[in-house]
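This report concerns only the one structure given below.
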Amino acid sequence: MNQFNTFLASFKNLTTAGYLFYGLGLITLISAISVVTAKNPIHSVLALIFTFFCLTGHYMLLNAQFLAIVNIIVYAGAIMVLFLFAIMFLNLKEEDEEAKTNVTKMAAVIVGGVLMVLLLSIFNYAPVGTYNPASFDAKTGLVERLGIVLYSDYILPFELASILFLVAMVGAVMLGKREAGDPHF
Amino acid sequence: MTFQTYDCLQMLPIILLSLSGIALLFLGFQKSRALLLPATLLFLVIAFVANFLDWGKTYMYFRDMLLVNNLAMIFTGVVLLSTFMVVSLSGSLADDEDAQPAEYYAILLFSLVGAIMMIGFENLIMLFVGVEILSVAMYILTGSDKRNLRSNEAALKYFLMGAFATGILLFGIALLYGATGSFVLSGIGNYAHSATNAGGSMLLFYVGMFMLLIGMLFKVSAAPFHFWTPDVYDGAPSLFTAYMSTVVKTAGFAALLRILSVSFSGVYDFWWVAMAVVTVLTLLIGNITAVYQASFKRMMAYSSISHAGYLLIGLVGLSQASKPAIAFYSLAYSLSTIAAFGVLMLVARNRPLNAAVFGDQTTLARTDEHYDAFNGLARKNPLLGFVMAVSMLSLAGIPLTAGFWGKFMVFSAAADRGAVWLLVVAVLMSAVGIYYYFRVVIAMYFREGQTDTIRVAPFYRIVLIAATVLTLALGLLPNLFQGLI
Amino acid sequence: MSPHLLCILIPLLPLLGFVVNGLGFRKVPTSLVGIVGLAGPVLAFLCVCLLWGNFHAGNDAVIKTTLFDWISVGEMHINFSFQIDQLTMLMLGIVTGIGSLIHLYSIGYMNHDEGYGKFMAFLNLFLFFMLLLVLGSNFVIMFIGWEGVGLCSYLLIGFWNTNTSYNNAARKAFVMNRIGDLGFLLGIFTIMTTFGSVEYTDVFEQVVGMDVNAPVILTITLLLFVGAMGKSAQIPLFTWLPDAMAGPTPVSALIHAATMVTAGIYMVVRANVLFSMAPLTLDIIGGIAIATALLAASIGLLQNDIKKVLAYSTVSQLGYMFLGLGAAAYTAGMFHVITHAFFKALLFLGAGSVIHAMSNEQDIRNMGGLRKSLPITYWTFLVGTIAIAGIPPFAGFFSKDEILAHVYEHSKVLWALGLLGSAMTSFYMFRLLFLTFFGEFRGTDEQKHHLHESPLSMTLPLLVLAVLSVVGGFMNVPEVLGGHSVLAEFMSPLFDQARQANPALFEANALDHGTELMLMSISAGVAIVMAVVAYVMYVRNAAVPAPDSQVRSLPQQVVYGKYYIDDFYDRLIVRPVRGLGDAFYSLGEFVIDAVVGGVAWSVRSSAGVFRRAQSGSIGLYVLLMVLSITLFIALRFFNWKVFN
Amino acid sequence: MQPNDVAVNIPEVIQQIPLNYYLIFSTALFVIGIIGVLTRRNAIIIFMSIELMLNAVNTLLIAFSSYRSDPTGQVFVFFIMAVAAAEVSVGLAIIVMIYRNIRTIDVGVLNKLKW
């Protein structure tokens, strides 16, 4: 109860940004849940895109501007379009999948719920520290600062990630290519 | 940020492998496929030589990203050697209409870059990118037999579960970062040491460590995160199963060894029990389920799980001795596994399976990989029989083969820690292992069967013989290899 | 030649034979197979003789020769090195000598077989591993030999594996040996962690200063003894040995009588310092040994398969050897190993010759009167029987008596039980002899027509072994009979460290000559009496054990003139003993089957569970993964340790 | 440093919301993703749930990074996004390939490999 009271007390002192955090957080979780529960795959995709926009909002709040933009471009823009494309392409409609039996679903939700409770109760006790006003640097999330780190310390993984893209490219072409005799969809 | 020349020079294997992968893709434009295999092998040999150029030195590259020392070079050498052998068993790809060898070889070489990153990583980002390169390559190769539903199913299973495991791994990394503020292994290790001494709450760190380890344990197919292994190994084309069960496993254990010994050795007391439980489960499930397999290939999948269990014993008994032990074990295991798959591919190729067995056409399993396929093999093909027998003996850990010493070293590492109960389980399970490995030997030597003489390409033959000779040589003189470390 | 070179050559020569015959299977001409197969052991035997000369010239000093640096585990380095001392020399002599004879015999016995070359190759491989076992200077090499001989035994038992029961026998042998090996291996690891070395000399030096019955020593010795139990067929791991008779007879003679099964005794004698420091373990060994000896002998009384009788007799004799070891009479144990190798190999080879002549008939109820058609076999078999029965002055008398004398010092009850066992031994061996070679021929006409003495390659080993069985005992004639105990003196240096470590164990009150003579005459007398009883029953009264299927009714016996003595014997001895034997046997079988079956059952059912989990469904896989993550977290994080 | 400066420089969310809340938020998102993987049979939706898990991790990393003014965490996120893109391309290719062969992407049907 005590914890809850301090929570309420702090809640009253929030500014707009603080309320935004709670609001956005709630919406994010709701839309994430609807990703998982939506019957129609297209609804799922749309909910996911919406989730990503919410997360972008969070990143903005945290002053991680570069990643906020990248999130829109890469995730909501590229990745989700790819998903949408695939779903349209494969012509998946509502109720296309038979629902799993209720037993397995229940089991899944229970196991997941227990895991969540366990993790949350651990994290509730876990001291994570907080920001240090003296050394805080508001420019951390700006492209300038990130660029310097990325191209100095992280140059090697950055370069090697290109290998990953090569593999993915070759693989996607190889697997996705229509062979002679395959159906056109 | 200045590049020193040596920085680039010692990255040679990675650079060479990347370039040669690209070169192979271009070679693939040619009509003739004859050049691909020799070119790949040549690239691998060059990379192998380049890898050992810096023998005896220790370097940390690119601002604490990649560590190269003798142990890393050994692991890299094992991985390159395994790849060399796997690739040299792939001669039949050139004749296969559906196959795209240029792409396969390029992906194999690229994936090796991932393996090398996992072997020498100092920063978790390198681990992550390395794991992903290797995994994505494996998803693709698993599904490379596009018309075969078994291959398709395996690819999807591997992909979905692998991506899921990556999520867990990342969650662990994030929590570790939250607890320690660092992605660098030694930084995490320092935190673990100092925080344990300070007595502060390390919950975040522990959960992160758990998640990270679970993600890695998935990749090396330790129970209870092994479920993908049998299905994927079974469904993937044998060539790539051989690759997965050796290279991926070696790299995975090198990575686990690295992170456990550098970052988590300070909190050994916290994780060793959980790790021991995983080990026992892995040994039990791998060995016991293998007994009841009718398909040799699937048995090999379970066998690879059980070997993950033996390797885990070396990790549970983490000490200075476990490094050479795990390296040696990986080498011994890789040699025998590849030789066994080499024989399997030859045997299976000669026994196309009737599609009717599996019903509809898309489920077409191309070849028969059951134990029965080996009946009477040794009679007409004494060489193949001998190669297979030696690999089975080595996998079973019979003395005077390399596998025995692998087990011996791993076990004695655990015995030093006093984990006797673990040893009891392990020794009992290795007895169970003998049962199913010997089934093949008995089928080959004592059963009657109608096998013809199988034609073996000269180079294929040389590789098989070399693997066998090496297995026996290491069994006789284990110090040959050990002296290196 | 230098001892170093000889040490290398001794195991290498059989290995060469294996390589030639194994790789060239079906390519080497049949005539050459035998020569190649025989050359290895014979040349190795010559090397052993030369080595013996070297050893003797060096005043019996221990020769240690390191071949190469083998492997490093942590801080420990293990060398591949051989150690030549008195014990090794004795074992080398037995293994190569008797090995050569049995190889020679196999040429005659197996050369019609399809897998002749394979057989010779396996036999050579076995020899190689056995030599490794006795030559090694540390426990790891011993273990490698140990595993290797087990492997060869497995392959050779299942050699004619067209028959499923042969395969089952091989598997049974395998499982039981594995249980033993588990003990041995754990023992080695305990030694490694305790002493930081596996080299005999290093370990034994460190043991000397420790406490008697220290827990760690007890653990090590018990674990090692579990290993010995498996290999040397002691209760409860003995039932594989009779079943192992499914293999070809030379295999039974070489592996399951003369050499491999005595590896357990070799190991205990080798580690005598350790065992001397653990009197408790020695007592346990003694108890298990006498139980094994009696149980096996009582079962042997009623077997009708010629090889099974010999097999149970082997188990029983192994029990005697361990009985000696249990009384810390290491020399006596080894002495019995040697003489037993002579006469048991002889008996098995004789049995092989009979089976050969009878066209693979093994049931003694269908034999009889073979003495005329197989004279050499008969006479040599007779020698072997007298030797094993313990009738002076043949080999078995001296060795068994020495054991019994030491046991008498130790415990009179054990001695009495041992005497009972020896009475049974004498009875069933003479029963076997009389049923096989005396009386009328009971086989089919076809078999009778076919009867012939075996070729020279088979009879020659018989003759040599017969001579050895006669004179073998004289190597250790006790003082009371005017001998010098040559063997005891020869082996004495082996036990110096043990004496130093635990003098109390060796301070037993020596028997005075009168008692010793009395004991000897009692046991010799008992043996002779039992031989006579057997003669009366099976030769004078020509009793033949009933076929398994037929139940004899009393009137029938009267009609057919079966004398009351037969009935008396049947009621008073056969039935109770058979009942007891059956009870013991089935109890042993039951326990073993329960264990094996239980393991198999639990393996099968757990495999069922594991397989059901492997249902092919991604959903279930992920669910199980998440479930295990949840469980791990719940168990690891939610305990008092973290939240206090 | 004046309190005013602090208020200007430091994002309000960081000042007002404890870091713990981000941890809890991300965990919730992560577990929702896991539940999605567990309950759905459509391969694409399972895959999307995995993306949800990755995004939870991203949020967590960014939160840690921002609170501590350490850019490496955000660089890591950058890598995760890049890798996710690569993974998606391969994953969708596999799914398309399977759809071609069996006209469905229901993972419940894909259980021919078992035991």
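Per-chain residue numbering starts at 1, and chain names A, B, C and D are given in the order in which the chains are listed.
The rule is simple: a contact is a pair of C-beta atoms (placed from the backbone, for glycine too) under 8 Å apart; a residue touches a chain by one contact, two chains touch by 3 or more.
A quick note: this is a predicted structure, and the numbers were derived from the prediction, not measured.
*Asks:* Keeping to the contact definition above, tell me which chains border both chain B and chain C.
*Replies:* A chain counts here if it touches both chain B and chain C, which gives A, D.
*Asks:* Return the chain pair with more inter-chain C-beta contacts, choosing between A-C and A-B.
*Replies:* Taking the two pairs in turn, the one with more contacts turns out to be A-B.
*Asks:* Which chain has its C-alpha centre farthest away from the C-alpha centre of chain D?
*Replies:* C
*Asks:* Report the inter-chain centroid distance for chain A and chain C in whole angstrom, where each centroid is the mean of the CA atoms.
*Replies:* Averaging C-alpha atoms per chain gives centres 70 Å apart.
*Asks:* Calculate how many whole Å lie between the centre of chain A and the centre of chain B, each centre taken as the average of the chain's C-alpha atoms.
*Replies:* 32
*Asks:* Taking each chain's centre as the mean of its CA atoms, how far is chain A from chain D in angstrom?
*Replies:* About 4 Å, centre to centre.
*Asks:* Taking the mean of the C-alpha atoms as each chain's centre, how many Å separate chain B from chain D?
*Replies:* 28
*Asks:* Which residues belonging to chain D are in contact with no fewer than two other chains?
*Replies:* Touching at least two other chains: 23, 33-34, 37-38, 41, 46-47, 68, 70, 72, 75, 79, 83, 86-87, 90, 94-95, 97, 107-108, 110-115.
*Asks:* On chain B, where are the residues touching two or more other chains?
*Replies:* Residues 125, 129, 132, 136, 139-140, 143, 146-147, 155-157, 160, 164, 178, 203-204, 207, 230-231, 292 of chain B touch two or more partner chains.
*Asks:* Would you pick out the residues of chain C that each touch at least 2 other chains?
*Replies:* 611, 614, 616, 618-620, 622-623, 626, 629, 633, 637
*Asks:* Thinking of each chain as a vertex joined to the chains it touches, would you call that graph a line, ring, star, complete, or other?
*Replies:* Looks like everything touches everything, fully connected.
*Asks:* What does chain C use to touch chain B in their complex?
*Replies:* Contact set of chain C toward chain B: 23, 25, 68-76, 140, 143-144, 147-148, 151, 158, 161, 174-175, 178, 181-182, 185-186, 189-190, 192-193, 603-604, 606-607, 610-611, 613-614, 616, 618, 620-622, 624-625, 628-629, 632-633, 636-637, 642.
*Asks:* Once bound in the complex, which stretches of chain A touch chain C?
*Replies:* Residues of chain A touching chain C: 100, 104, 107-108, 111-112, 114-115, 118-119, 122, 125.
*Asks:* In the complex, go through chain B and note every residue touching chain A.
*Replies:* Listed in rising order, the residues of chain B that touch chain A are 1, 14, 18, 21-22, 25, 61-66, 98, 100, 103, 106-107, 110-111, 113-114, 117, 123, 125-126, 129-130, 132-133, 136-137, 139-140, 143-144, 146-147, 155, 178-179, 200-201, 203-204, 207.
*Asks:* Could you please specify the touching residues of chain A with respect to chain D in the complex?
*Replies:* By the definition above, chain A touches chain D via 10, 13-18, 20-21, 25, 28-29, 32-33, 35-36, 41, 44-45, 48, 51-52, 55, 58-59, 61-64, 66-67, 70-71, 74-75, 78-79, 82-83, 86-87, 89-90, 92, 96-100, 104-105, 108-109, 111-113, 115-116, 119-120, 123-124, 126, 128-138, 140-141, 145-146, 148-150, 153-154, 157-158, 161, 164-165, 167-169, 171-176, 178, 182-183, 185.
*Asks:* Show which residues of chain D lie in contact with chain B when the two form their complex.
*Replies:* Interface residues on chain D, with respect to chain B: 23, 26, 30, 33, 37, 43, 46-47, 50, 53-54, 56-57, 60-61, 64, 68, 70, 72-73, 75-76, 79-80, 83, 86-87, 90-91, 94-95, 97-98, 101-102, 107, 110-115.
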